[in-house]
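Would you mind keeping the following structure in view while I ask a few things?
Note that the chains are named A, B and C in the order they appear, and that numbering of residues resets to 1 at the start of each chain.
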């Protein structure tokens, strides 16, 4: 902890100065914000009771989200393998490693919604942009975990396989795969859960799924329908999380 | 058979692990390499099949210069060099049978290896070795379920199924208790003699070396300081290898056991 | 191995890792996974013809994006600062709300079962609604602008931070707590002097960690009008001004990488 009193005081002053500076630099329409509380009350009263009467729209959105998540997880699982192998320091030459790591770092810093909006511009509104977004983030995530697992595997087992005269491909199948397969499957199942969560939000920028329905209901001030969608999303996220931890428990 | 000439290895860190090491083995014998930790024993073994790339010098096996081979030819050469490790280095999550058959990886196609579809002769050989090392019935057990001694037996079977022209053994007993150590050494040396495979064993246990080897090489700081029969290991020689210490008991046992156990086995 | 013929006679020549039943189950799993994937893709009605010239499109996009339009930095610098402010202020708000929530949601500090359930409910509900959905809601309440963004960041983080703090509270050492109870301290005194000092390192660590996640999250708030660089990014993307887009992506990357680095360094220092 911070022991020195002067340091603590300096930090406190710096913190307050930051608060003043940041608050004053934000462009805020205080008049509009001051209406917030009554508006919040109004919105909440209009949200209740949640309106499930348009359930066909809801189920269509949910199915689309689920399909996007499943397709993207499958594609991501497969496509992450080459990238993950290339991003493992102990498997590939330095230049390949640097390029693969660079791609992973680059993709990881970009928020999924940014990726989604760019795909929407290129491929138009709809689930295609959403699936591609989820694929990209799945590849990055699984590849990163895969590379870390490969770097942490026991080198002796690989050395023994190399000593028998096996080439790179056989070394992968006998020395590497058995060591990382369980974790890879676990990470992929975890990713399915994450993809279900994300498939519900990429729609907000038009990339398909239940999020698109949600965004539309908000822009039409259909707040009772919005609440229904939100409840469904929360339920979906829960089921996904439950399934994922159950399946990963089974793997162990 | 095996000719190592002026082999030198300097690691990137600047450590000189091997300095002008030359060894010739021209009959199928069991050679024990003894010496203190850090003497370069492991590096020497790994420079022969080039798991560690030597800095200079040459290694010739049956007339072929291993140090000059390209990667494809090196893999072909490695097929004929069996290796056994201190930490067994079995693939933990694979079955005993897959571990043994992995010794044939250099001979089968990728697709057959991938599908675990090995030639009938290989499978029969694997079962016969399994029996020889005393592990009948263990073929479907996963390697991580075995004890240390059992794992090292699988390691021996994996190396021998290669039908090697040379057997490299790196501290085979360092992780085992004394009784299991002797059993493992006995199986290893018996099989090596039966198949007439020249064998290089790194071992820090002088007693085991004298019991099982026909020839002993002593290393100290990357150089060979002794090369001779087990009986010639006198107090003075052990001091040369390991440094000042009361070696009278070890040396006395050496002169008492002039006929090593291995000679009887052959 | 000297006489393969005799070996063949004595030993099995075939070895299978799996029994036929086991491999049937294995293949059924593979088939099931592939079936689900194919079924999903088919149902999505993907216009495959888009992919025919995907590589051309991709190269074209790359050419339009490079080089980034560095002169545009002047325009986006303030929105970028605003993004950082939103993340930081939102995290500060989180800090103040997450604390009481954590005390409610930790078994050993909660006053009663109803309070505990309420605490848990806040943990779960704030965490399962994404930042951008919170932003939609707060834009409806406060109107477009950074205030909505700050609240969206704060709400999403409350569950995350409070959950970790609550777990830390449940694992504290009871000695100091009992000592203060023994001197006849009030409930608040016990919390402030017995519990708080023990969980503070975890609290700081969690807050700093969440701050760097929030930096990344706050870059997209502008897409729904909740302030920050997202607004500029959205308009540039809508105008197909790709060299401006690539500039902003580069700046975002720099900010995210730097904040990750800062966060990791700070966390290493305090734990």
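In this section, contacts are C-beta pairs under 8 Å (C-beta built on N, C-alpha and C of every residue); 3 or more make two chains touch, one makes a residue touch a chain.
Nothing here was measured: the structure is a model prediction, and the numbers come from that model.
Hide subunit B: connected chain groups?
Apart from subunit B, the chains cluster as one piece.
Counting C-beta pairs in contact, pick out the pair of chains that comes out on top.
A-C
If you average the Cα atoms of subunit B and of subunit C to get two centres, how far apart are those centres in Å?
Taking the average C-alpha coordinate of subunit B and of subunit C, the gap between them is 51 Å.
Using mean C-alpha positions as chain centres, tell me how far subunit A is from subunit B in Å, no decimals.
49
What is the distance, in whole Å, between the centres of subunit A and subunit C, each centre taken as the mean of its C-alpha atoms?
7
Would you mind listing the residues of subunit B that make contact with two or more other chains?
Residues 98 of subunit B each touch two or more of the other chains.
In the complex, go through subunit C and note every residue touching subunit B.
1-2, 4, 7-8, 10-17
Please name which positions on subunit A make contact with subunit B in the complex.
Touching subunit B: residues 154, 156-157, 159-167, 169-170, 173-175, 178-179, 181-182 of subunit A.
Under the stated contact criterion, what part of subunit C meets subunit A in this complex?
Result: residues 33-34, 36-37, 39-41, 43-47, 50, 57, 61, 78, 81-82, 85-86, 88-89, 92, 125, 128-130, 132-133, 136-137, 140-143, 145-147, 200-201, 216-217, 219-220, 223-224, 227, 233-234, 237-238, 240, 245, 249, 252-253, 256-257, 270 of subunit C touch subunit A.
Show me the residue ranges of subunit B that touch subunit A in the complex, using the header's touch definition.
For subunit B paired with subunit A, touching residues are 49, 51, 75-81, 83, 85, 87, 89-94, 98, 102-106, 110, 113-114, 155, 158, 162, 168.
Could you list, by residue number, the parts of subunit B that touch subunit C in their complex?
So the residues of subunit B touching subunit C come out as 95, 97-98, 101, 116, 118, 120-121, 123-128, 131, 139-140, 160-161, 163, 195.
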